[in-house]
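There are two complexes below, and they share subunit A, which is joined by subunit B in the first and by subunit C in the second.
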Partner chain A sequence: MTTSVTPDADVIGKRSEHLYFALRNPKVVIGLTIVIGLLLLGVIGPFFLNNDPNEYIGPKSEGPSGDFWLGTTYFGQDVFSQFVHGLRSSYLVGGLGAVIAFAIGLSVGFTAGYRGGIVDELLNMLTNVVLVLPALAVLIVISSYLEVRGVVSQGIIIGLFSWPWVARAVRAQSFTLRNRDYVDLAKLTGKRAPQIIIKEIMPNMASYLLMSVILLFGGAILFAAMLDFIGLGPTNAVSLGTMMQQSMAWSALHLGLWWWFVPPGVAITAIVGSLYITNVGLDEVFNPKLREM
Partner chain B sequence: MLELENVWKSYRVGSLGSKRLTAVRDVSFTIAPGEVLSVVGESGSGKTTIGKMVLQLISVSKGTIRLNGQDITAARHAQRKEYYRRVQGVFQDPFSSYNPIFKADRVLETVRESFFPGTSRSEWGDKVERTLLSVGLDPTAVRGKYPHQLSGGQLQRMLIARALLLDIEVLVADEIISMLDASTRIDVLNLLGDLKERGLGVLFVTHDLSLANYISERVIIMRHGAVVEMGATGKVFGDPRHPYSRNLLASVPQLHRKWADAPDELEELEPDGDRELAPPALTQVDEDHWAAAGS
Partner chain C sequence: MGRYFRRKLLIYGITFFIAVTINFAIPRLMPGDPVARMLSRNAVSNPESSEALRSYFDNLFGLDVPMWQQYLNYWGALFQGDLGVSIFAFPSSVSSVVLDALPYTLALLLPSILLSWFVGNGLGAMAARNKLLDNTVLPIGYLFTAVPYMWLAILLAWTGGIILGWFPVAGGYSFALLPAPTWTFFVDLVQHWFLPFLSLFVVALGGWAIGMRNLVIYELESDYTNYMQALGAPQRLVRRYAFRNAMLPQISGLALQLGVVVGGALVTEAVFAYPGLGSLMLNAIQNQDFFLLQGILLFIVIGVLLFNFLADVVYVLVDPRTRLGLEGGQS
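Showing the complex of A and B:
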């Protein structure tokens, strides 16, 4: 290797190289645009709209119009207002579930993988137990016992059940990485285990961790929608899933009120689908072999 | 200076640590300032395990390791960090010793972070420059480069420089030149020679008997986790008393001998027995020359 010919290309470093390719990868750009666009709608939208999306403010069962962009429900509620608030709830559930699952998954995975031995075996047992628990059944039981179900409690519950696969993957990766000599060298420099995990091991898995957060996020949104749809959604807020559930409960399909159930369904599909597309794109960015030149 | 006394190491293997594998059995030796001690022996004989115990990367199962009379095996984190000011290591694979996503000279910077947080950048820069020059590296050629942009020899020298930034007394060098090509090898080996001139003690782990012969004052031959013979290099290699040592020396390829010239018959050796038992005791056969019984 010639060392002095291409100094600039190498000084840029791998991180900015990844950013460079990410911003030029159509999958990443399209996926992120959709996800962020809907996020902005959910975050900013409610400030310009009716505070209570369940208020009966218009004519019943009206199609989309200039006043009500997505029409009204069977009871005369503004579908667009519900949709925007629902987006906000879905993102909140997804974000909360992803953050909690990620935090637990990382802690368990790194502790098990880095410490090894008996600690590892115990944590691995715990991981496997949570992994094979019929999460849906447990969630149904917990959810139905909660007096008031909110978006936050739903996010927390989902987070508490979706970490095992992250923990397993992180454990497997740190298992190999901890045997690298640079980990020993960091110990010889007087570094403690948490510093070594954060400064030596985690940066080597950064791409993987980013992709797991994205998958957790999409998974939590989907899971929440499913709970909502079977009637275990938040009782004090509107979400995309409860919109679907309400519209089905009042036979929107038969009555031809397509504007009631199509937008939330499309939005859930678009968010989750875009997250997956982003992930595939990121995979190409991080694995140059998959990159289309 | 560095002293191992009846050191044992058993690894826990199997589920829930149910089985034990004894990798090092009752090993005792000392390293004096300005001395290179070579540890040779077959693969799996426990050489790396000894080095890692000296570096306190793994715990000692039984026995003690002392530096200048002070037991270092039970040290707490702060004491261990002080120990690392005086004892450092360099490993076999230069490419695994560097985190591939960071620049190579980060290994020098982390030494400043950890051990010399008060030193100013310019002062530190001067020190790094002097140290790099002293291991035969051109600072401008190696600073700011990623590990894959440097050669194995440059990387190993930079690791030695890293150790020298601290005022070390003992360097553990575990097969540090086995991945280098022949010409770079001799340079790094001569660098070790300079270090011992400066009064460092070096624990030199190697497969290569001729390297051990070239560089070291004293040598230890290991088999199945135990020492079979040790002493002054000239005596052990010139007059090997243990059958294993004789086989080892007979199997060194010679420059002027072809395979077809039929090597000497190798002697029968005892098979690996119960590793929990104490190995055959060493008896002194000459001044500074010990061999295990059964020879």
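Showing the complex of A and C:
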């Protein structure tokens, strides 16, 4: 970055200082632009494509054209319409999975790190156990028993199995933070533990927490796509993973219908990759040592 | 060292116990009745024969005793290596079906995990000292980690298999050949193995390279590096120390990453119809063969735990601090 403008530290607070650097970090800007752009496409797009994504509307197996931007499937469904609806469910699963995993990871990590002792031992044990379990295999077994699967239920079970590393990191961080002077002071003033955690400890790792939500979000999207591809996707909705599954099931590979299986993969890679790059950029924003000035 | 291993073994023991319990509990707690579904699949309309079939299946799968006894029986059968009967391949037992598929999955997983770990670490360490390389390795690394396993597999099958026609895109070996210890069969096997292997190798590569790069840079900023540089130690030596210290988190990372890679192998096999555990799992799901599904999960859990233990042993061998009972390997 070559900006020569330095913010006036007295006037501008810490929060807006971060915003200042974030908006000038190319990694954050590019990453967020892609993520938000695809999100808008997924949210707004379906209103303009007022048809059911699984409706048979066009000629069969046709390549991209002016009428069907991404071509049609083997059965004559509009790939672009499926793609837009799929984006929507991918974001939904990712968001839901990330929020649930974050909530569990945060509570387990803070409880273990702040309380210490036997509570910590037990919670740490639990964390390690879930960490070692091969999550995808467990998810496959669980969702194969669900007869009706929706985007929401998928988000929930993904969230239930992807929290351990957040818990571990939060625990390690609160270990170092709980013995600080200001925490002792807060204890002396008679604040309760949850209050101290929220008011005194959490703000000091806010940047870290934001970054872990972003990683959880990307991870949940990838997990959902893999489950969908195995054939355990939502039974009532289209997703990017089920598009790939359908294209493979109807041998799009051998028929050369590349417009059927390439776009969903590009979208997932773009979303998750942009999230990772945003994360690296945010790291530079929050950690002044890494800023290239 | 004893404490370290005791802790680890306790965790693995509990994990195994919980995995078995999940395995036992899911089918019994979930809504829906597998036996009823199986009966409806066979379309038995006569209520009397349906009842007879039902009690036959209940008896066969041991569902006609109280829950706690089922649980004990489950453990008992497990230790005798009896995982039940597969519905999909009906007369054969789950363990024999799984054991048939296991070599294929292992042949994919072991080389791809180890090779990508070594190559990725090497690339990452090189990227940490070379700005030009860093600027290419980092973006490509993030791209690879963001690619869904099955999509890369599909792309490779499409380009290498369909467009170029260099490799077969499905199966473990040609149907024209019979498994025999001949040279032709071996070449055929390797040809079918290559694309799934490549896709698993490539996806994992980026993560290792990025991790190693960050760790080496972190080590190169630490106090001991500054001290050595102040003493005038040669750059090569300093970097070697940084590399060796950065290896340690990567070894424990290898164990932690394993569950993810196994999941990736399952979907990759599904793309290539490679006859390993992934395709077996797909068949089990499509045929609602829950015993087989659980057997596969159990095998995967055992495999992951064994590999984790192996990584722990390596960690102790590599990091002397764990051997001396000092801080170091986190449990």
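Convention: the second predicted complex is superposed on the first by the 281 of 293 C-alpha atoms of A that agree within 3 Å, B and C clash if a C-alpha of one lies under 4 Å from a C-alpha of the other, contacts with A are read in each partner's own complex, and residues count from 1 in each chain.
Please note the rule applied: a contact is a pair of C-beta atoms (placed from the backbone, for glycine too) under 8 Å apart; a residue touches a chain by one contact, two chains touch by 3 or more.
Since the structure is predicted, the reported quantities are computational estimates derived from the model, not experimental observations.
*Asks:* Would you mind checking whether subunit B and subunit C clash or fit side by side on subunit A after the superposition?
*Replies:* Overlaying the two complexes on subunit A (C-alpha atoms) leaves subunit C and subunit B fitting together cleanly.
*Asks:* Kindly classify A:Tyr91 by the partners it touches after superposition: subunit B alone (first), subunit C alone (second), both, or neither?
*Replies:* After superposing on A, A:Tyr91 lies clear of both subunit B and subunit C.
*Asks:* Could you tell me if A:Trp163 is touching subunit B, subunit C, both of them or neither one (first, second, both, neither)?
*Replies:* Neither partner.
*Asks:* Could you say whether A:Asp181 touches subunit B, subunit C, both of them, or neither, answering first, second, both or neither?
*Replies:* So A:Asp181 only meets subunit B here.
*Asks:* Name the chain, either subunit B or subunit C, that contacts more residues of subunit A.
*Replies:* Per-residue touch count on subunit A favours C.
*Asks:* Where does A:Val132 make contact in the superposed view: on subunit B (first), on subunit C (second), on both, or on neither?
*Replies:* second
*Asks:* Between subunit B (first) and subunit C (second), which does A:Arg192 come into contact with in this model arrangement: first, second, both, or neither?
*Replies:* first
*Asks:* How wide is the angle at the Cα centre of subunit A, looking out to the Cα centres of subunit B and subunit C, in steps of 10 degrees?
*Replies:* Vertex subunit A, arms to subunit B and subunit C: 100 degrees.
*Asks:* Quick check for you: in the superposed arrangement, does A:Ile118 touch first (subunit B), second (subunit C), both or neither?
*Replies:* First partner only.
*Asks:* Which partner does A:Phe68 contact after superposing on A: first (subunit B), second (subunit C), both, neither?
*Replies:* It touches nothing on subunit B or subunit C.
*Asks:* With both complexes overlaid on chain A, what's the closest CA-to-CA approach of subunit B to subunit C, in Å?
*Replies:* 10
*Asks:* I'd like to check the shared interface: which positions of subunit A are touched by both subunit B and subunit C across the two complexes?
*Replies:* None.
*Asks:* Would you tell me which residues of subunit B are touching subunit A in their complex?
*Replies:* 12, 15-17, 52, 55, 57, 77, 80-81, 84, 88-89, 91-93, 96-102, 107, 110-111, 113-115, 141, 144-146, 148-150, 159, 162
*Asks:* In their complex, what parts of subunit A are in touch with subunit C?
*Replies:* 125, 128-129, 131-138, 140-142, 144-147, 165, 218, 222, 225-226, 229-232, 241, 244, 247-248, 253-254, 256, 258, 261-262, 264-265, 268-273, 275-277, 280
*Asks:* Under the definition above, what is the set of subunit A residues touching subunit B in their complex?
*Replies:* Its residues touching subunit B are 1, 3, 10-11, 14, 117-118, 121, 180-182, 184-192, 200, 203-204.
*Asks:* Please name which positions on subunit C make contact with subunit A in the complex.
*Replies:* Subunit C residues touching subunit A: 10-12, 14-15, 18-19, 22-23, 26-27, 30-32, 139, 142-143, 145-152, 154-155, 157-158, 161-162, 169, 256, 258-260, 262-264, 266-267, 270-271, 281-282, 284-286, 288, 290, 293-294, 296-297, 300-301, 304-305, 308, 331.
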